[in-house]
Amino acid sequence: CRSKESIRCYSVFPKHYTKPIFRKEEQDELVTNEKFQAATYLSFKPACIDETSSEFYDPLVSKFINYLIKQGKKSSARYLLERAFLSIKMIQLQAYNSCDSNDKEKIELDPKVILRNAVENAKPVMELTQIKRAGQVYKVPIPIDSRRSRLLAIRWLIQAAKEKTRTDFLYDRLAHELIQAHNNQGRTIKKKQELYKQCQANKSYAHFRW
Amino acid sequence: MSMFMYSKTYFFKPKIVNFIPLRSIKAKVPNTFVNEVDKDGFRILELFPTKIKKTVKYQKSIPIFTGREQKMPVDQDWPTVWPSQKTFQPHSVPLPVRQGYPKPGEGPFSKIANTELMKIPNFLHLTPPAIKRHCEALKQFCTEWPKELDSDAKCTEHFPLEVLYSDYCYSGPSIRDPLSRIITFKVKLSSLKLDYHAKDKILRLAGNRYDYTSDIITIITDRCPMRKQNYDYATYLLIALYHESWRKEDWENEKALADMEYYDWEKNQSKKNLVTIYAWPEIPQDFNYAHIPHAEEYKVAVSELINNGEDEHSINKYKQVVKKLMFFKPEKNHSTESE
Amino acid sequence: MNLFNRFILRIKKSTNLRNTSSFAETMELSDEILPSIYTRETDPVYHNESHLNKLYNIPSKDCATILSHGLMNQYKIQLKIFNEMSILIRKPSIELLSYLSKSDYAKPVNKYVIYGECGSGKSTLLYHLLHYGYNTNKIIVYVNHAQYWFTKPKEIKYSEIERNIIDLPIDTRIWLDKFKLLNNHILCQANIKLSKSYKWGTGANFPKDSSLIDLINFGIDQTRYASEIVAALVNELKQASRIGLCNVLVLIDNYNIFFSHYTQIKNSLKKFALTSEFSLTQNFLEITKSDWCNGQIIVTVDTAVNKDRQESHLPRYLLTKEGFEHLDPFLPINVENYSEDEFYTMIDYYKHKKLIRSLTSNGEKELKLLSGYNPYKLMDLCKHL
């Protein structure tokens, strides 16, 4: 009885409740869709606090913020990333103002685009897992799905920022790391390449997957 | 000794012979004693005799005890059944009352042996006919309501003092509640005859007992154990407050600027500031502001700003006046310059 | 007619020592194609209603002098991002500039109190006026970080002359240094002499008619006498402007801190000191008295500084009774949040400077709603877009 209660308390809403559609354009799309009639009979959960129909909402940004959280302090994590965006802007705008008019178009000024590119560049395709065969543990390269690769990319970016020298603030370090990853440089990209090298070395164990 | 003998004589030794099983064997024997005949005239042999059904003997039903409430006539005189306040009795009340926190899937508990119903105060003695009867009985002791007091406004005008106290109904052993001793006096300040000084003093004396929004002074007394004593004390307080506010002590003449109940521009630094600025570079001997243009307007604006509280409107008014007081070059020069 | 007049004014301006070079600056600017959000008029002296809702650039060569008193962090970031110091010309600043231009300098000083909500642009308005004072050759007494004197000073010293007075020697010296940087030109030009002799101890001896710059330099070199020298400086500035040697513009940001009861410093009796116990407070209260002429006093009041009083942004509440009595009569000037036009000007400016790149009409609506037209909040929201 107690365990039953604890399962019920875990989420206020039963399992058959579906995720909300909070973006305006998605809602408009749904209205024109055939599935609209079926959706009217569904029960929806309310939207989370970071899920807004705002113009400035970005799912990757809110994901990144969620990975940055420490001790449940979402507001400070949000401040950290927003401040990092400002630092990115400061760095890029200074470069933009100092360079020639021909090179100006090459400089990316949108911090969200930089973040997206950085995460995209840091995403690995495969990973090593430990598999036990005949009493021996082998590191076997396996392909990973997009969710896992995004998790690893964001985690590596944050780790790389935290590992840097502590003379300046974390948001500045994160900004530098993101810009470097955007340009396919930096610690995160190095880490990815090292992983690939290891995968290449353990190529012969690949059949242990089955 | 005799006991011992007795026990010895009846001593029983178990032997195997004594344990002969006495078991009756009931075999199902065909019933040959049936007299029934079938359609061809043969007797019917019942190999498995049908069981004779036992006729159930019904016990004589015991009459259930029904309460007095079942026998009550519908048109009975209720105030005679429940004449005064008392604890709930289930068999005197012909109502299907239920009370209590029900278990899941059940209804609330019925009225019999229900402590929840007994705990709460009931008002079964205060039915409308009972009240009506009480009122009828009391009528001979009452005087008629004055016709002139037909509205609430008139009541408050002629009887400005409002006395509040509470009585409490109890079904417990004591009929007294300690809260019933508290007396509250409410008087409108405008109903008291006060001059400027007295009004100022009564407000200072009353302190937070005076409510600015409703203009009412509230005196609450609860120090004495009896209501009568508290009432007397509140009356004394009100009288003392009134007369004390009319009295003017010697020390009241020493009222300084900080004790003022309103902002008086004439006595304040603001006036001195204005006069010294206009007299500059000389130091003014008397603070006469009659010669200063717009000084009167300025006085009004500053007093309003401080007395009525600060808001955008009063600040704006102050600004407009100060603009006139400021030292600007005459407009003429300005216009020629622009040409 | 008007143009002709302007021409005369220009010639007058060119005779001005400071502005000879700024003339060339305007020529330089005219070469570029300026977007419509800017105005070519970089001299606040000529700003009027026609320049409303437009931005003007403080010439880069003047920037270093004008910003000698330091900037708040948020302004520093903006300076980095925008690579220029530009100020929006708003209604209260035009109003104040018109008052300053037409005020009678032979009469006692006029006082202005700038008030408004948090982040509505009071300090920025002071920068505009600072530029005005700089361009009109005024001695500028500018205080912008007064709140830090009472919360985290660099050094505390109980005064040698009066025991109950607290000196902040290093902070005072820093202020003197900045004051000298800001006014070096004018001080050299005006050549103010001391009106009486000063003597503190054996080394510090200034006879009558010695130069004011020497006094300031002495205060910068000898930190322990800095507080006394600021008092003397205030006295001398008042005296000099009374005679007509110089024109003084007093600009004090967060003036209500001088009437706050909240400090983090203990006095000689081991109790938290009041702000009135500091020598610096007394000096700057002295200069805001109206017993001198040939000057202007402009102060701002802000809720963010005073921890005791934060319910309202109105001047009488923030100044308290003492402050009101000290300043009265003053002209209150309200700095409101952005109007619709100003909002769009700023959005265009941010777009021009690439702080934000593309913004739909819905995004603009959202920014309006979130910021409530508050300048600081708008900047804060645009920072990470």
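Worth a mention:
Should a chain be cited, it is by its letter among A, B and C, assigned in written order, with residues numbered from 1 in that chain.
As a working rule, a residue touches a chain if its C-beta (ideal position, glycine included) is under 8 Å from a C-beta of that chain, and two chains touch if they have at least 3 such contacts.
Here the structure is a predicted model, which means the values were calculated and not measured.
Taking the mean of each chain's C-alpha atoms, the chain whose centre lies closest to the overall C-alpha mean is C. Using CA-based centroids throughout, the chain positioned farthest away from subunit C is B.
Centre to centre, using the average C-alpha position, subunit B and subunit C are separated by 60 Å.
Separating the centre of subunit A from that of subunit B, both taken as means of CA atoms, is a distance of 57 Å.
If you average the Cα atoms of subunit A and of subunit C, the two centres end up 46 Å apart. The part of subunit A that touches subunit C in the complex is made up of residues 54-56, 81-83, 85-86, 89-90, 93-94, 96-97, 109-111. Subunit B makes touch with subunit C in their complex at residues 268-270, 273-274, 276-277, 280-281, 298, 302, 305-306, 310-312, 315, 318-319, 322-323, 325-329, 334, 338-339. Of all residues in subunit C, only 77, 80-81, 83, 353-355, 357, 360, 362-363, 366, 383-385 touch subunit A in the complex they form. Every residue of subunit C that touches subunit B in the complex is listed here, in rising order: 1, 5, 99, 102-104, 107-108, 110, 242, 290-291, 293, 312, 314-317, 325, 328-334.
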